[in-house]
Every structure is written in structure tokens, then in C-alpha cells.
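Please find the structures below.
What follows is chain A paired twice: with chain B in the first complex and chain C in the second.
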Partner chain A sequence: MRDTPLSACEKNFIIKALGDRKRLDGRQPYDYRKVKITFGADRGCCKVNLGQTQVLAQVSCEITSPRAVRPSDGVLFINVELSPMASPAFEVGRMSDLGVEINRLLERCLRESRCLDTESLCIISGEKVWQIRVDVNVMNHDGNIIDCSSIAAIAALAHFRRPDVTVDGSEVIVHPSDEKDPIPLSVHHMPICVTFSFYEQGKYLLVDPTDKEEKVMDGKMVIGMNKHREICTLQVSGEMLLMKDQVLRCSNIAVVKVTEITELIQRALENDRQARLNGKKFGFAESEPTESILTNQQEPEEIQATETQMDEDSEEEKGMNGDLKTERKSKVKILDKGVGMIGEGGASTWGVEDNEMTEELQKEAKVTQPDHKEVTHTTGTLNATNCVTLKIDLN
Partner chain B sequence: MESEISKLRQLSSTLGDLSRPDGDATVSQGDTCVTSAVYGPGEVKVTKELLDKATIDVVYKPKSGLPGCAEKLLERTIRNSCETVILGNLHPRSSISITVQEIQNRGSLLSCCINSTCMALLDSGVSMRYLMAAVSCAINDNGGIIMDPNTLQEQSSVAVLTFVFENCNYGVITVSAKGCYTLDQFQQCLSKCRDASKYVFQFFKDSISKKLSKQ
Partner chain C sequence: DRKSQEMTMHLQQTFNAAILTSLHPRSQIDIFVEVLQSDGGNYCASVNAATLAVIDAGIPMKDYVCACSASYLGDSPIVDINYLEESSGSPEITVAVLPKSEQIVFLEMNGRLHEDNLSKVVDMAVKGCKDVYGVLDRTVREHVSQVGSSLET
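Then we have the complex of A and B:
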């Protein structure tokens, strides 16, 4: 399906409002939308809401052989799926340009910044290493998928626990989670992407653009940075030219944002850890709001089984399996030459008011021989003994 | 292991959480959680156009890994159930696309997917003949029937059956069964699941009434 295009007057309105430093949702130009991070019951499952943009990340691990170039390093694989749920414009199958761009950005930000210690993922050098796979599913697209996905991916990596392994010569024993506690991945630092969008050839700058603002922008810049002020990735795209001082200004803004978001991730991880430790319930089902009219819950109830129904079903079953039921076979009664009758007619349901009227009519209608020369004024009725007998009034 | 369980797990739902789809629902059966989103009726590609009814597209997205054959089978089952239920003839040469995203899988995945798809269709306002409710049950080695099994119960069972019912006459729309079972066991599961489906229909009705109560 195609996405609804943005109208020209909406575009003009957004750009004009930027001149007055106003945004559609009332934010300041450098403000982020509300970030909500929830973890699932599975280890390494994280759902992030950035305003209305929603992204679900899941980390999984597998033992594979390492790359020939690096025999003692594990492998980190990142896959961002633009689900057709997120926008009517997203199709399944071949990745679109936007999908490729987001994938490459996240790969550069997470893999090439070496935020995950891949050497600790080695089991037997040159033969067996852990492959960590991060699947990011975009569930709702309201702009700035890149930031949302990077938050979800790094939070999921920090949340994940891999199974413990013991190496016995050339044998590798993978311990299930009930035998030995799974171990966390060693995350050195948390690189987070911050997106800036530019308008009017770099005159106006917005942080965290929504979907409408993204459609109007000239170009964007993505800075991947961690809280130690280290830039992990930088990408400028679009039809615009940026001045050096703008790039520096953006990186200073990014420092503040990244520190805030990293703190938020740490807090969310800590809350989840406390909940698991204290035996409280954790996971998505618990984090759903219960006070809204859009949510509903039903307690489990004992099912009242209706025993009688079962017997009827089995009898019908036997009937279908066995021979044809002969009682149902219809008999044809021959009344006269060319006149046949099947079954018996029912009472008239045409709403005759008087009972006496019906009795009179029934008496007159008992003449069954259709005689066209007779002139009668009776009308036919249906009663329990006849079928329809019509008389034609030839007057 | 329990010999017999006649209780569905706790059902909970959230409607209209996402801003882009026409209708969406997140349904949890115990710890199994699935989100479905519906777009439609809308534009359809000329190659997929049907002259007399709407084209129904179902995409199932697992949480991790690439979709494989099991996911395709799930899509097919959901699509066949939807084609029975949705009044496609009202929207010829259009498409109704349904996306199902696994959030957490702790057993009874097919029934959770179908229930969340039905709620998403309700939320989006697509015309349907009747509602559909799916109930799963597992038969363990003792012959006992476990309703709405979780992952452990499914793995240790002899057979897992999922029934989808409609709410006019409680007739069966879809049956999906895995494993070995006798005809008697099938009949027992069918009647038990049929009784359980009444609770699910009541849950749908309550959820939608609650959502529309302030309008």
C-alpha cells in the first residue's frame, strides 16, 4: 500500500512554524519525545517507545565457526526489520533503501565501535565461537526509527544472558539455564544514535524529528556517541551543505541527550533486575497500563463442560459414518394423473383473523377435482390434509 | 505433570496502542503475548487484485531469526480463518493486510495469534460475518486434556490441538492438530474447547464495550 502523501499546505505550515521555533507537538527544537523502555520475560527482549514510534528488539545466541580473518572473535549480527505493521509503505521481502540505511548505521554504531567485547565470545579459537544476533522489529513508524532502534538494541544487549559453557579438551558442554546461571555479555560502552534534521538549507535544526517533520526535511545528520563523549559513528545525508560550526554544535547537543538516555537505560535495567531478584512478576504483561479503557483483563475461570452435547455429537458421527438413514427418504404420493404430492402441507401462516372464516373456507375447498368450468368464489387454503388446491375464478 | 487442567490462562488485551495501523490489538494469554495490526481496506497491487472480493494478506513476524516454514504455515492458517470470517465481498479489488508480531511465546501461539487478529479486526472496523475465537488444548500421555498449554506442557504432550470457533452457532472454522490422538479424544477436546471459547467471546465483547464506553 502507499503511504498517504504529505500535502503542500502541511509542508508550508511546518516550515513556517519552524521560523517561530514551534513544532507540531509543542516541543522545543532540541527536545526529545518521551522515551519508555520495557523489558520482556525473555532475556534480551526489549521494547522501546520513542513518542509513538515503537520498536521491539530481541537478542539470541548460537554457536558457529568464526570468520577466517578473526579466529578468536565472536560474531555480532544486527538485523533491522521494517515490519509492514509499522507503516503501510513497508513491504515484506526485499529491503527498501531506508531499511538498508538503518541496518548499515546500526551495524557501524554497534559492531564497529566495539561496544561488545567479541573476544569473550570465543569458545575454542578457530573452531567454535558465539554468534550474537540482534533482531530489531519496527512496530510503529512515527519518525526517527534510527534512534529508537539503537536504544532498543543496546538495551537488549545489556539485558541478555548467554548460557554458560565449559570446555573439556575438545568437547564443549553448554549448560542449560536451570543448571548454571547464564552470564551477561560484556558491554564496554553504550553507543546511542542521535538524529538531527535540517530545514531551509541548514538554517533550522530539529532533534528527534517525527514522521511529518522527516518528510519535510532537507537532510539529516546522525551522530552515534556514548556518554564518555566518544563519537562512534557520524553520517550526513540529504541535499544540503553543513557548516563546520553546525556539526560541532550538534555534537555538543548529542552529548547531553546521550547522557540522559544512557541514564534512562541504566535505570530501566536496574528496575528489571530488582523485579527479577525480589520474585516480583516481570515482563510485558505486567508493564501494560491497567487503568485505561483500552485495556481489559479476565481472570481464568474453570470451564463448565456441557456433557450432553458430547453424546449428540457422537451419535451424529456414527450416523454419518454408517449407512444412509432410510427414515428420511421422502415418499411421493400420486393424487391424480399428473398431480403428485410430497409431504404434508402446514397450516396457513398468512394471518387469517377469523377462525370461523377459515373453517368455512376449508369446507368449500374440499372439492379436489379441478373443474375449470365451475364458477366458484372460494380461494384455496392450505390445511393439514391437503396440499394446495387452486380454483380459478373465470368471471 | 498435571493430569488435567480445565482453566484458560489469564487473558488480557490492549487495543489501539499503535498510531499508524487502522486497527491493532495486543493480546496476552498468560505469558504468551502477540500483537496484531490491520491495514485496510486499502490499495492492492494489480497482480494480487481479486475482482469480486478483498485480498487478505497475513504476515507473521517471529521475534528473532528469519521466517521459515513453520511461520508460513502459521500465516496460512490465520489467513484461511480470516477469509471465512471477513466479508471480503464488500471490498472488491482492495486489500486487507494483517501483520502478526510475536512478542513472547510461552505456548498456545496459534490460538493467541488468531485471538489477537480477531481483536485487531474488531478495532479496525473491518466487516466480519462473525467473530472467531481460538482455544488450544494438549493431550498428555495419561490421556488427560490440558487446556491452553504452556511451552513445557506442549513439549511433554502427545498431541496439541487448536480449534477456532465462530460465535453464531459455535461451529468450527479451523482445526489445527499435531500428534496422535483417538477419535474419542478429538471429540472430547472439541467439546471442551467449544465451552472454553464462550469465555473468549465474552472477553472480546467486554474489551470492545469498555473501549467504546466513553464515546
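Then we have the complex of A and C:
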């Protein structure tokens, strides 16, 4: 299903407001929306809210054989799903262009930047390694899915614990979590993606665009960076022309944003760790506010309404008052043996012909009946209706 | 697969920005690229080849689109990296520019690169693009003069 297009007046409004450095939700051009990171009860489950954009990431692990070119490296597999729950524009099935773009960006940001130490995932070189799989599900799309997904993916990877293994010759023993404590993954650094959107051929720049702002933009740039000021991925997309100094300016802004977000992730991880340590409850249910007073009160409003006349002759009124006069019991009239009638209409005119037939049949019967008796007189008269009546005298 | 889908999208964006599509309303321009042999720099070679093809077809563009890759190895930037250098894990920057105005049409980076070195590496890549532009322009002019002279006779 196609998304409703943005109207021309909305587009003009957004661009004009940018000229005065104003945004629809009142943010500054380089401000992020409120980021909320929560972890689930399962290890490796992370939900991130970036304003109204919501993304859920889950990390799981499995033992597989390694790739032929890298026999002693584990495998990191990332999958981003744009579920139709997120936006009416997303469809199930084949991945759209946007889906491919987000998948490739996250793959490059997390896998090719070597944020996860894959060599520590090796169990038996050339035979068995851990495959870490990150599934990212976009639950609501209100712009800037890329940033939200990257935060969720890296937070989930840092939160995840894999089962402990011992290698005994060629046997591999995987210990369940109640036998031996699961061990965390070795995350070297946390690359976070920051999205910049450009307007008016690069004149105006916004950080963290919302859905409406994304629809109006000329092009965007995604910079994936970690807090050590290393750029993990950079991509300029959209049909626009940039100058080199714009790119450099964006990377400077990105440094500041990434440090803030990394701090947020660390704090959230720490809170979760404390909660689990102290035996307190943890998970999504705990992070939802339950003790707030949920009432919604509204002052009575004055509404302008025109008075309507009640039409007395209207049929509807009659119909609405009490009994329905149109209700009829369905009566079945029995006309004759085996003949019934429902509804209006006269008696069946077929009955006349039937009677004639029965009369003739009766006469034939009379004729055939006294077979043994001699037929002495037969007189026949031709009626006006061309009906022959036989009058038979029988002695 | 995902990688070739991604490259298709990038090529499309690059040429959408460079070709004057408003001069060809209600028409579709198809560019088909076949990589015969790959030794690194697939995207760059595709862009340069497609530029020449579009010029040969007579479709008006804002300027030549030239692409080049660069990397940072050891402590110096290097230009036009091959497959071996790509797979060694060093960062790789691919840039497509309009050479005369030095406007960047496409920029992509893989691997990990420190922010301080970004400027140097991008400069290196842009310079590489300008050199590629020199070669492309010379080739086009030679070709045109050949065709022109054979028409005269």
C-alpha cells in the first residue's frame, strides 16, 4: 500500500521554516529526539525509542561451520526487517530499496568495522564457530530508522551473553546457563550511525529528521562513528551535490552526538546490570510506567449546531415509532391438495386446466371400467370449445 | 543479492544527479553495466564506463562523472586500491565527483578511519578523479576527431 504523499503546502512550510532555523517539533537543527533504551528479560533483547520511531533488536547465537576464507573467525549476520506494522508503505515479502540500503549500512557499520571480535567466537578452527545473528525489527517508522536500528543493534550486542563451551579433544560441550555463567561478547567499540538530511541543494542541514522532514529532503548522509572519533562508515545518498567542507562539518557534529548516545547506552546497560545483580525485576514490563494516573478530562466545549425540523410526515419516523408495520407473518394458504400459496396474487389459473384434465380422466375411467359390458349407444356432441364430450349409455 | 542491488541503487543515484533528465521528459534512460573482471574498484570503473557511454549516446550531462577510490595505509593516503588492498581490512573511500566544480556526487566509506585523516584521504580521492577526468576527456576528443575526419572523406 502506498504511503499518503506529503502535500505541497506542507513541503513549502517545512522548507520555509528551515530558513528561520525552526523545525516542526521545536527542536534545534542539530538536536536529537528523546532516546529511550530498554532491555528485555532475555539476554540480547533491546528496544530503542527515538521519538516515535521504535526498533526492537534481538541477538541469538548458533554453532555453525566457518567460511572457507576465514576458518578461525566467527560469523556476524545482521538482518533488518521493515515490518508492515511500522508504516503502511512497507510490504511483506521482497525487500524494498530502503530495506536493502538499511541492511547494507548496518552490515558495513557493524561487520566491516570489526566492532565485534570474531576471533573469540571460534571453537574449533575450520570446523565449528559461533554465528551471532542480530535481528532488527522496525516497529514504528517516524523517520531516521537507520540511527535507531544502529543504537538497538549495538546495545543488544553489548547486552547479549553466549553460552560457555569447553573443548575436549574433538568434542564440544555447550554448558547451559544454569551450569556455567554465560559470557559476554567482546565488543571493541560501539559504532553509532548519525543521519544528516540536506535541503535546498545543501544549504540547510538537519540532524535526526522525522518522517515528514525525510519526505522533503534532497538527500542524506549517514556517518557511522564511535566515540574514539573513528569513522566506521560514511555514505552520501540522494541526488544532490555536496562540497568537501560540508562533509567535514557533518563529521564534526557527528562526533558530539555519538559521544552523547554512547554514554546513554552505557548508562542503560549499567542500570540493567544493577537490576539483575540486586535481584530486582528487569525487562520490558518493568520499564513501562504503571503507577501514573491515567485520566483524561476535557472541559465541555460549545459547539455551533443548526436546529433541524422534525418532519411529521416522514415515513422514517413512523417506522421508528414502535411496531414495525411492515412486519407480516408469513401465511401459507392451502388452495388444494398439494397446492400452497404465500403472498399476494390470485389463485393459480393452472387449476382450471387441471380440472379439465381430471374430468377427462374420470370419463376415461368410466369408459374402461365396465369393460365386460357391451357398449350399445355412443353419442357424441361437439362443443363450441372443441371439446368432445362422450355420453355413453350403458345397458 | 544485496551487494549488487546496493551498487545498482548507487549508480542510479549518481547518474540521476548528473544527467539533465529534465531535457528528456516522459522517457527512460537505461544504463546496463557488466563487470567482466574484478580487481577492486568495481563501482569506480562502472561509473567511468557509464559516463563515456552516456557521452557517446549524446545525452547531455552537467559534467563528466569521474570516480576513484582511496585508502589510508600505514600513515599515508593511497589512491586507486586493488582487491588485495581492499580485503586487507584497511578503510576504503569511494568518491564520484564532477571534476570541474569538485562537487561530490557520491561518497562511500568502508572500514575504520580516524576522523583526522578523513580530509587527506578525500583530497587524494578527488585528485585521482581529476586525473581520471584528464584521461576520459582526451579519449573522447580523440574519438570525436577520428569519427569527424572519417565523415569528411
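In the analysis below, the second predicted complex is superposed on the first by the 290 of 395 C-alpha atoms of A that agree within 3 Å, B and C clash if a C-alpha of one lies under 4 Å from a C-alpha of the other, contacts with A are read in each partner's own complex, and residues count from 1 in each chain.
Definition applied: a contact is a pair of C-beta atoms (placed from the backbone, for glycine too) under 8 Å apart; a residue touches a chain by one contact, two chains touch by 3 or more.
Computed from a predicted structure; not experimentally measured.
Using the contact criterion defined above for the overlaid structures, shared-chain residue A:D20 touches neither chain B nor chain C, since it reaches no partner. A simple residue count on chain A separates chain B from chain C, and the partner touching more is B. Within the superposed three-chain model, A:A86 lies in touch with chain B and out of touch with chain C [touch as defined at top].
Of the two partner chains placed by the overlay, only chain C lies in contact with A:S251; chain B stays clear of it. When the shared chain is aligned, chain C comes close enough to touch A:M240, but chain B does not. Once the two complexes are overlaid on the shared chain, A:Q58 sits against chain B while remaining clear of chain C. Of the two partner chains placed by the overlay, only chain C lies in contact with A:R108; chain B stays clear of it. When the two complexes are overlaid on their common chain A, residue A:M1 makes contact with chain B while staying clear of chain C. No residue of chain A lies in contact with both chain B in one complex and chain C in the other.
Listing the residues of chain A that touch chain B in their complex gives 1-2, 40-42, 45, 47, 52, 54, 56, 58-60, 81, 83-88, 92, 133, 135, 137, 139-142, 283-285, 288-289, 292-306, 309-310, 313-314, 317.
Across the interface of their complex, chain C is touched by residues 97, 100-101, 103-104, 107-108, 112-114, 221, 225, 228-244, 247-248, 251-252, 255 of chain A. For chain C in complex with chain A, the touching residues are 2-3, 5-6, 9-10, 13, 16-17, 89, 91, 93, 98, 101-116, 118-119, 122-123, 126. Residue ranges on chain B touching chain A, taken from their complex, read 6-21, 24, 26, 28, 31, 33, 35, 37, 39, 42-44, 59, 61, 63-65, 95, 97, 99, 101, 103-104, 106, 147, 183, 187-188, 190-192, 194-196, 199, 202-203, 206-207, 210-211, 213-214.
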